[in-house]
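Below: a set of structures, written as structure tokens.
Two complexes are shown next, each including chain A; its partner changes from chain B in the first to chain C in the second.
Right after this comes the complex of A and B.
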């Protein structure tokens, strides 16, 4: 009950914010919420399930392209397009995950990296279906029950997406499945001995987080009302990894802190020092790995522990 | 036929560049288990070293190549000292140094971008832009130069690992770190030298490829990925594997672009499919590592 009240309050506050922001701030705010959503999912995959995969942004793109193709080229109604889009993400993620779970550590990273690049190649060569290098544009969200959702109301949709993702992953993390994921991450052999099906746990964690990235991509498709291959390139996957590590991997709060910090860093630093912000970003990353392996959330934990002890 | 043989020469030359990058990975990953994705950025730094020493303040090519090798040797060693050793000695999980090096990748790229700007910079080839014809084989001077240098490097590294005691100690660390340390091998020194050598080899690869592609701050990541693909194809266990993997990758790449009936954009996907295929069907690569002998 308390949790539900907390989510409601957060939804109200974050939605209220949408109605007071100007158009530039709204754009930044929407993208920030999407980054947080992605970082939460990636945190579950990397931080909690311990899989180093670089396909997360590709599934974000698959979701975005899938819903547009299903809506405007296949001609499905919106609810059906969403369901079929999710099914596409799940099927593709299973196709990647089932063979890839045989691979250990960095080989999984490489297989998913190749998959992500292959996705961009396919987008560029997809002719009229994907719009090639220019991508897709000139469309808008179909009316839902006769209502057109635009402006701040669409930002509310993104707020709900973010909170829904958080709630789902939180519950999952607290369930037996979350514990199984952590057990597999820490010691696959010991987990196996305890009766955890290691392969199945890995595959389900990968499929769920990939599907969540796909749903976020569907919402993203109507943020800029244009999608193009550049958005889903490799740079952003590394950004996502860095967000989770800088914030504190394995912690939902860490993913949120990392996403907010690394997304807003260039927004605030660019006007001050131009392109140098990317250098600051790299140095922050190295410093965190070296001196604060638990991420920035570890500093918070330290002070809370000291305050409790005092 | 001429066309075919010309393609063979150019594919061999780019295969040699991939092979050098793969060798840089291998030198570091064999004794330490650390995969250093910053090798691509090291190659880029080597290319900019070439730009400084050959285009901006021109000095003779042999001196420049020596200075680049020396400089990159130091860069590799410093990177190890600052980001890898503290983590290894603190007993951090194996992923930590890999992530720290990913951060260094960004740092190297942005340092170069900040100091040289976003435009590509020219680097001259070793023997001018001429063409060389050896019987039926024809190609640019630089292609033949790349092939010759790579042959020398691989022969040297092979000789080092197979025939010298120091090389054997590297191999011993690769097979069993603990046992090697108990035998009195200095793990710290081996790790440091592995990164120094990795830096030098990666820098050399960048210097060699830069006349064709120009020194550019974004040239690193593609090289890093192609080098790793080559390594996966050939196998991480053996020096010859890196060479074999690089050549296979470059031949597949260039021959599909030229002869396969697919659009050039899709042909770019062929090496990726090859990589996925190798990862799934033969993750150990073509050549297997030597087992420890009883």
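Right after this comes the complex of A and C.
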């Protein structure tokens, strides 16, 4: 009950914010919530399950393109398009994961990197289906039960997406499945000896997080109301990796802190110092890795421990 | 020992290229019994252990557990069958607490779907509570109560060994395989581990022990099998084995036991 109350409160506060923001701020706010959603999923995959995979942002793109193609080219109704879109993400993630998780760390990274690169190539070469380099535009979210969801109400949808993703990952993490994922990352041999099917655990973790990224992509498709290959470039997945590491790998709160910091850093700094914000980003990155390897959340842990000891 | 043995190996053989690591080995382990396997370095102890634990496929021969062959089963299936091992070099899960480490040991007994987990069904919550209670009981059993809430990284090596044992017990094994459980422990810790292993056997669990430390093993095992160059050269009670001429020349050497032979 306490957890439910917490989620409700967060939903209320974060939604209320949507109704007071201007149009530029709304855009920043929505993208921030989406980055947090993605970072939470990537934290589970990389930080908890220990898979160095670079396909997370590609699945975000797959979700976005899939929902648009299913809605406007196949002509499915919205609920069905969402379900089929999720199914597409799961099937594609299994196609990547089943051969790739048989490979160890480095090779998984290579295979998923190739997949992410291939995805962008397919988008560019997809002709009328993907709209090629120009992408897809001139569409809008179909009405839901006769209601058109726009403006702050669509921001509420994104808030719910983020909180739903958090709740789902939190529950997974605190279950036998989360323990199995951590065990596989910490020591696969010992996990196996305790009865954990290592390959299966990795595949399920990969498929779930990839599907979550896909759902986030579906929501994103109606944020800018245009999608194009440049939006889903490879640099984004490295941004996710940095967010998780800076915030604190393996921790949900860490992923949120990392996403907020690294997304807002350029937003606030570029009006002041232009492109030099990249320099600040680099310094933050190096400082955290050197002085706070557990991420910024480690500082919080330190003060909590001191406060408890006092 | 009128009861049929729980674990039976017959003609167990492992060949690595030209090297015959284990040759034609017959072993029986009974419920509630502590069987020790000793031998000098390279005798084939670890190879035997790994074959029984399902980590290594035999070249020839059979392994039967409770009347069923375990040869060819994937390693992760063994715990579900009731065969669980400990590691000579402790292998804790560093990102989890002591309690969570032990809860992971119950992996094969958590019969909950991911849907139940996501929906927080009554069964899922109950299973988690039960798992916590069981883990706490095992923490007390091995004597780690003081370290209950510690991070695994803060445990001493000896405490890590106790955690290793508690985690294996959490799987409710019928056969427990110990890979040199006394290695790296202080004499006091050795005594404690010996006491725990006796208590485990007294619970009706079959124990197979591979050990380098003669004193530790001889005081603990009811029967001892001696390997040398991959072959069984003697078996019997610790007293019988210690005076066996072949054993003395192969392994005990200058320990002074030979004087009694």
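Please note the rule applied: the second predicted complex is superposed on the first by the 310 of 310 C-alpha atoms of A that agree within 3 Å, B and C clash if a C-alpha of one lies under 4 Å from a C-alpha of the other, contacts with A are read in each partner's own complex, and residues count from 1 in each chain.
Convention: a contact is a pair of C-beta atoms (placed from the backbone, for glycine too) under 8 Å apart; a residue touches a chain by one contact, two chains touch by 3 or more.
From a predicted model like this one, the values you see are computed outputs, not experimental measurements.
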* Should A:151 be classified as contacting the first partner (chain B), the second (chain C), both, or neither? -> neither
* Asked: Can A:6 be said to touch chain B (first), chain C (second), both, or neither?
  -> neither
* Look at A:250 in the shared chain and tell me whether it touches chain B only, chain C only, both, or neither; answer first, second, both or neither. => second
* Structure fact -> In this superposition, the partner of chain A with more touched residues, chain B or chain C, is B
* Tell me which partner A:175 touches in the superposition: chain B (first), chain C (second), both or neither. => second
* Asked: What is the contact status of A:242 with respect to chain B (first) and chain C (second): first, second, both, or neither?
  -> first
* To do: Report for A:186: first if it touches chain B alone, second if chain C alone, otherwise both or neither.
  => second
* Asked: Is A:197 in contact with chain B, with chain C, with both, or with neither (first, second, both, neither)?
  -> second
* Common interface residues of chain A - those touching chain B in one complex and chain C in the other -> none
* Complex interface listing, chain C residues touching chain A -> 53, 55, 74-80, 84-85, 87, 91-96, 100, 103-108, 110, 112, 114, 117-118, 120, 124, 127-128, 131, 167-168, 171
* **Footprint of chain B on chain A - complex, ascending** => 52, 99-100, 102-103, 105-107, 110-111, 113-115, 117-118, 121-122, 124-125, 234, 238, 241-242, 245, 275-276, 278-279, 281-283, 285-286, 289-290, 293
* To do: In the complex, go through chain A and note every residue touching chain C.
  => 168, 171-172, 174-177, 179-180, 182-183, 185-187, 189-198, 204, 250
* To do: Flag every residue of chain B that touches chain A in the complex, lowest number first.
  => 35, 83, 86-87, 92, 94-96, 98-100, 102-107, 109-111, 113-114, 221, 225, 228-229, 232, 263, 265-266, 268-269, 272-273, 275-276, 279-280, 283
